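Common to both upcoming complexes is subunit A, partnered first by subunit B, then by subunit C.
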Partner chain A sequence: MRIVTVPRDGVPVTDARSVVADPALGKNFAVQADVVVVGSGAGGSVVAYEMAKAGRKVLILEAGRYQPSANFTEHLGDTMTQIYRDQAAQFNTTADVLFVEGKCVGGSTVIGGCVMHQLSDKVLQGWSDKYGLKGFAPEKIKPTYDLVGKWLNVHVNEAHEINATAHKVIQGCERMGYAWKPVQRNVKRCALTGHCLAGCPSDRKMSALVSHLPWAAAHGARLFSDTQVTRALIKNGRVTGVEAVVRDPDTGNIVSNMRVDAGVVVFAGGTVQTPLLLQRSQIPDKSGQLGRNMTVQPFVQVMGKFKEPLYGFRGALVGVQVDEFLESDGIILASGLAEPEQLMVQGEQGAGDEHMEYMKSYKNMAGLNAFSLDEGHGSVEWKGGLLDGDKEIKWNPNRNEFAKIARSVSLASRIFFSAGAEKVWMPTFQKLAANNVFELDEQLAKVDYGINGMYTFRINTFHSHGTARMGADAYESVVNPNGEVHGVTGLYVADASLIPEPIGYAPQWTVQVMAKYVSDRIQEKSSSYFVS
Partner chain B sequence: MVPTEQAMSKATNTPAFMSGLEPLTRRSLLRGLAVSGMAVTTGCSRLFGRKDAPEVLEFTSLSESEARTVTKLTAVLLPTEKYDMPSALSVVPTVKNVDVMVGQMPKQTRDLLGLALWVFESRPMVSFKFSSFSKLDDEKARDYVLAMQDGAFFERGITSTLKTLITVNYWRDSRTWPGLEYTGPVTEKWGVRRLGNAPLPLV
Partner chain C sequence: MAPEEQVAAAMAPLSRRRFLRWSLLASSAAIGVGVGAASWLSRSEQDQLPLPDALQHLTQSEFLLFRRATEVLLPLSGTRLASIDTVPVLHNIDAMMGLLSQSVRKELAAGLAVFDYAALVSGWHGKRFIDLDSNEAVAYFDRWSQGNSVQRALATVIKKFVYVAYWRDPATWPAIEFDGPVSDRWGLPSLGNTPMPNETANVKKEGETQ
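Here is the complex of A and B:
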């Protein structure tokens, strides 16, 4: 019998400094593993745990730095600098849509708002029928949702987890006759600090940092941070490992070149990074779909000002959601108000006195986040050389999507006015606000689609997916129903890029379920990959 | 005649003026601006944000004229003393923060930011009696900022980027938070106990 002990705190990590200090590694070194997992977020951490638990020699490579939760400061600005990708400045080509993503050990699970959604039976059945993903038929995959949910303490928010911002949303919905419900979150005994986006210093958010990564480490997995994989090595249609560089996280300078020899490589870098990895690896892309079909779930934040102070930034960040418009309009709304500096990227706050008065009313504000379902026409492409190239992310709203975003703003604004808001600010690049519901349509009509909807609504995306979609048809998809890249034996994907069509839900739970599913398929084929 | 917002808007659409900007508007300029703006805003006040503004301002990365533009824009955007808030110029080192961030930018982004600052500084020449932005009086400077914010999409992009860069660098300083009644970090203050790693799931 094997005794497995989880570290009490933190995760054992080999970072750039350790590599430099280790004479056994040097400027160029090679490592052998059974499975190399690229990315340590929602998908990668689950695969690493499952593979290590099965007795495989697992190596996890993470491009971001390791920030132990004990070091989190609850200061959003510091956190963005250290563990958000591109210092929270990852944009599309026109620089008006912000792609928010974690770049650290634990990935976006560390900085997320903890919202967990299951896909509906209808969606899952559609995957099974349309894309040949038989393993995702509801009756087959639901037990995995339950298992992952249990691991991560997913629960419906209790009364104490509904803060003042959420209560305003509830009031508005009750008056409008809209259905609302408490959000499900992966938190254990939430301390109600409201600083989810800056990482949870008391380890209550069940991010990969405190769950699957230490569990994987307990089973022997080894984790390198500051390690950027440049490409997978492929020989005769079979993956043989990866090449990577270890970078000083402060200067970006390369401190070592690394090669990993492994029979199985799992890319789990997320919707933006995984297609870039696959493109740099020059996989055969028969379908021509690699890096395409990206759904961004555009998100805008409507701010309402109320007469009484709410201190809506206190308490659980996300309290309730309004999902009755998901089926009919492709819109889902969720309450939430974060740190003051976050307001600067959510709308236009005027200048001078107007700006100061806007900020002074922060304690009277509530925020309603409006996510809308887009059509999945975004793309991600690597341009240039392996080490000196750069990504190109393309997505701007088409007219339908623009109209849907406007509708989501209208719905959110009406909820706030019904709850008694004195003023509602539009999430636009123009300075627009309505003082009552009768001004709302007039104000919204001022947002003109213009050229490709550029610089109209201030759009963020937290939930992008679909750039290496899964499917049975190799001419329509990048990855087969087992998660293995079509045409490359041993190369797997386990993250949100697998999602085969636009979904309107927060994807983390589904990603973790898919990662568990892919891990099980790797195990089923283990005799093809591993000697013992 | 004092130019009006309408006149400026008309001038915005003047082909001769636009022709110099056209190749930049769709991609490189805006992308560089927004990226640099966000990167800078998030990147440097860790180093400088909670220090006092130096008595003598010395800029290592911003040129003299760029520093003038940023300083003027800071004064226009953040009339802090009037609201009993820490000064954005003499207490919170907002402009110095920008300077430090600019020093950390990749060259291409830095060049584009320089271009944006130049455009923002020079744009009033068209409609404000050949005056540059930093030479406008406060009222006209404010009118100019508001007009740019309601202007064409590239003008909105430049203005939003510069405004975000400056305002984030001010409001993220913890000395500004009491004025907003924002509590800031609380875990330590409340004595919240760390739970550590979750136990292994039962097999």
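Here is the complex of A and C:
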């Protein structure tokens, strides 16, 4: 029997400093692997584990830095600077929609709010019927959801995981007659610190940092951080490896050039990064869909002020959700209030005394996050050279989406007023608040769509997907039903960019399920890729 | 460089953004006329203030702008809140500036110049933002917060820099009863890595004996 040793803490990582210090590597070096996985988040970590467990020589390349959980300070400002992409300032071209993403070993699983959703049978059956994704028919894929959920301790929040913010949402829903339910989260013995967005220093959040990555490493996978893949190498329609640069994470300077020779390359950089990688790799894109169809699932945060102190920032970050409007309106609401710095990005702050009053109310506040389902018309495009180019993310709400966001704000505000809120702040670039429910419509009517809905609602996105969509038809999709890029043997995708149509759920669980599914397909074709 | 050229130069990179083009053209024309008519108004006694050595990324004019914005946006005197003397707001802003990509940094510099100089004509103050008194400056922020998309964007960015630079400092948290980091204080033990579930029988953690 083979004994596999999982480290007690942390993951063995080769970072930029180690590369510089290793004379065997130098300024230019090459590595050989069976499988190279680009990205170490929800999708990449699962593929790395599955492939390493199957005995493949696996190399994981992560552009972000390695921040062991022991180094997490529970200080959101510091964390954003260190391990959020673009220091939590990744915006669309009009700089008014924020794309929040982790850039570190473990990716967004490290900084997420732990919310785990399964797709409904109806959605999965639709994937099977509309896109030829037969493997995702509910009866086939549900066991994989169960398996991944069990591994990651996904559970329905228990009573002690429902904090004061969530209780206000429950109270409001009960009075409005709206259905609510505790969310499912991937946490083990949650310590209720409320600091999810800054990483979990006591390793309770089941991020890739404490699950699939150490498991993959235990099976022999090797992980390089600070390593940015520039492109996949493709010869005669077959992938042969990748080119990458190792950068000093503090200065951004290149310390080494790297080439990896591998029969299988799996891109798992996420919805924004993966299409950029594919574009830089100049894959044949018969469909013309690469980098398109991006769903952003826009999210705004409505803040309510209550008479009594709630200390709503204490306890589990996300307690309950209201999903009865998902089918009818494409809207899902989730309770949550984080650190003071987070408030600065939510609604327009007054100036001077008004801001002081607002911050003095912090302990009396509750937050309700309103996610709405958009139509998937966003795009991501790489502009310029391999190393000196930049991304361009395009998405602004159309009139339908704008109306849906306004509806989500209205619903959230009504829930808070029903729970007794004295004031509700609108998540807008204009300074707007309602002191009672009768003022609500009047205030919301002041938010004018204007030019492309720009600078109207304060929109964030945590759940974007769909930029390299999966499907059987090579003229309609980028990736085939096995996860392999149409027209390039051995080049796979395993992240949220695969999702073939807009979904209204948090995608992490689905991404991990899809990554497991893709891993199984690679294994099925292993004789085509691997000598051994 | 003459003030009107300063404004025009400041506007140029910002106007690359397609969405800003028409409104920038309109506002730059207005500012150009205003500044051209009274260029001496754009001078400020504060321009002579030296840029502190500790600041590495802010220009002198940006330092003056954020210095004034901090005084106006955070009226802390007479409150229980941590004073500006104990929270290095400008230093924090400087550090955040240093993290921006070159392209964003360039556009931001242009926007900040617009915000400062536009006070000459926007509201007919006849002086730059850095020379407005506190009431005028708050009103200026409020007006821009309700203005066109460019004005809303700039007012928002400046406020965000100042407020994040202040509230990210742990010294500011006791006054609003935010707990800050708790894991160490509560003595929470790390649970460490999770065993591989399917292979539990085969797995041992480092340091564990058989």
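The rule is simple: the second predicted complex is superposed on the first by the 532 of 532 C-alpha atoms of A that agree within 3 Å, B and C clash if a C-alpha of one lies under 4 Å from a C-alpha of the other, contacts with A are read in each partner's own complex, and residues count from 1 in each chain.
Please note the rule applied: a contact is a pair of C-beta atoms (placed from the backbone, for glycine too) under 8 Å apart; a residue touches a chain by one contact, two chains touch by 3 or more.
Just so it is clear, the structure is predicted and the values come from calculations on it, not from any experiment.
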* **Combined model on subunit A: subunit C and subunit B, fit or clash** => clash
* To do: Identify the partner contact of A:Phe29: answer first if only subunit B is touched, second if only subunit C is, both if each is, neither if none is.
  => neither
* Applying the touch criterion given at the start, work out whether A:Trp382 contacts subunit B, subunit C, both or neither, answering first, second, both or neither. => neither
* **Touching partner for A:Gln87 - first (subunit B), second (subunit C), both, neither** => both
* Check whether A:Ile3 is in contact with subunit B, with subunit C, with both or with neither, and answer first, second, both or neither. => second
* Touching A:Leu98 in the superposition: subunit B (first), subunit C (second), both, neither? -> first
* To do: Go through subunit A and flag every residue that touches subunit B in one model and subunit C in the other.
  => 4, 6-10, 69-70, 73-77, 81, 86-87, 89, 93-96, 150-151, 153, 188-189, 191, 193, 195, 201-204, 206, 210-211, 214-215, 218, 309, 311, 313-314, 339-341, 343-345, 348-353, 355-356, 359-360, 362-363, 429-431, 450-451, 454-455
* Structure fact -> In the complex, subunit B touches subunit A at residues 26-27, 30-39, 41-43, 45-46, 49, 76-80, 82-83, 85, 142, 145-146, 149-150, 153-154, 156-157, 160, 163-164, 167-168, 171-172, 174, 176-177, 179-187, 190, 192-201
* To do: Enumerate the contact residues on subunit C facing subunit A in the complex.
  => 17-19, 72-76, 79, 81, 96, 99-101, 103-104, 134, 137-138, 141-142, 145-146, 149, 152-153, 156, 159-160, 163-164, 167-168, 170, 172-173, 176-183, 186, 188-199, 202-207
* **subunit A - residues contacting subunit C, complex** => 1-10, 69-70, 73-77, 81, 86-87, 89, 93-96, 150-151, 153, 188-189, 191, 193-195, 201-204, 206, 210-211, 214-215, 218, 309, 311, 313-314, 339-341, 343-345, 348-353, 355-356, 359-360, 362-363, 390, 429-431, 450-452, 454-455
* To do: Would you mind writing out the residues of subunit A in touch with subunit B in their complex?
  => 4, 6-11, 69-70, 73-78, 80-81, 84, 86-89, 91, 93-96, 98, 150-151, 153, 188-189, 191, 193, 195, 201-204, 206, 210-211, 214-215, 218, 309, 311, 313-314, 339-341, 343-345, 348-353, 355-356, 359-360, 362-363, 429-431, 450-451, 454-456
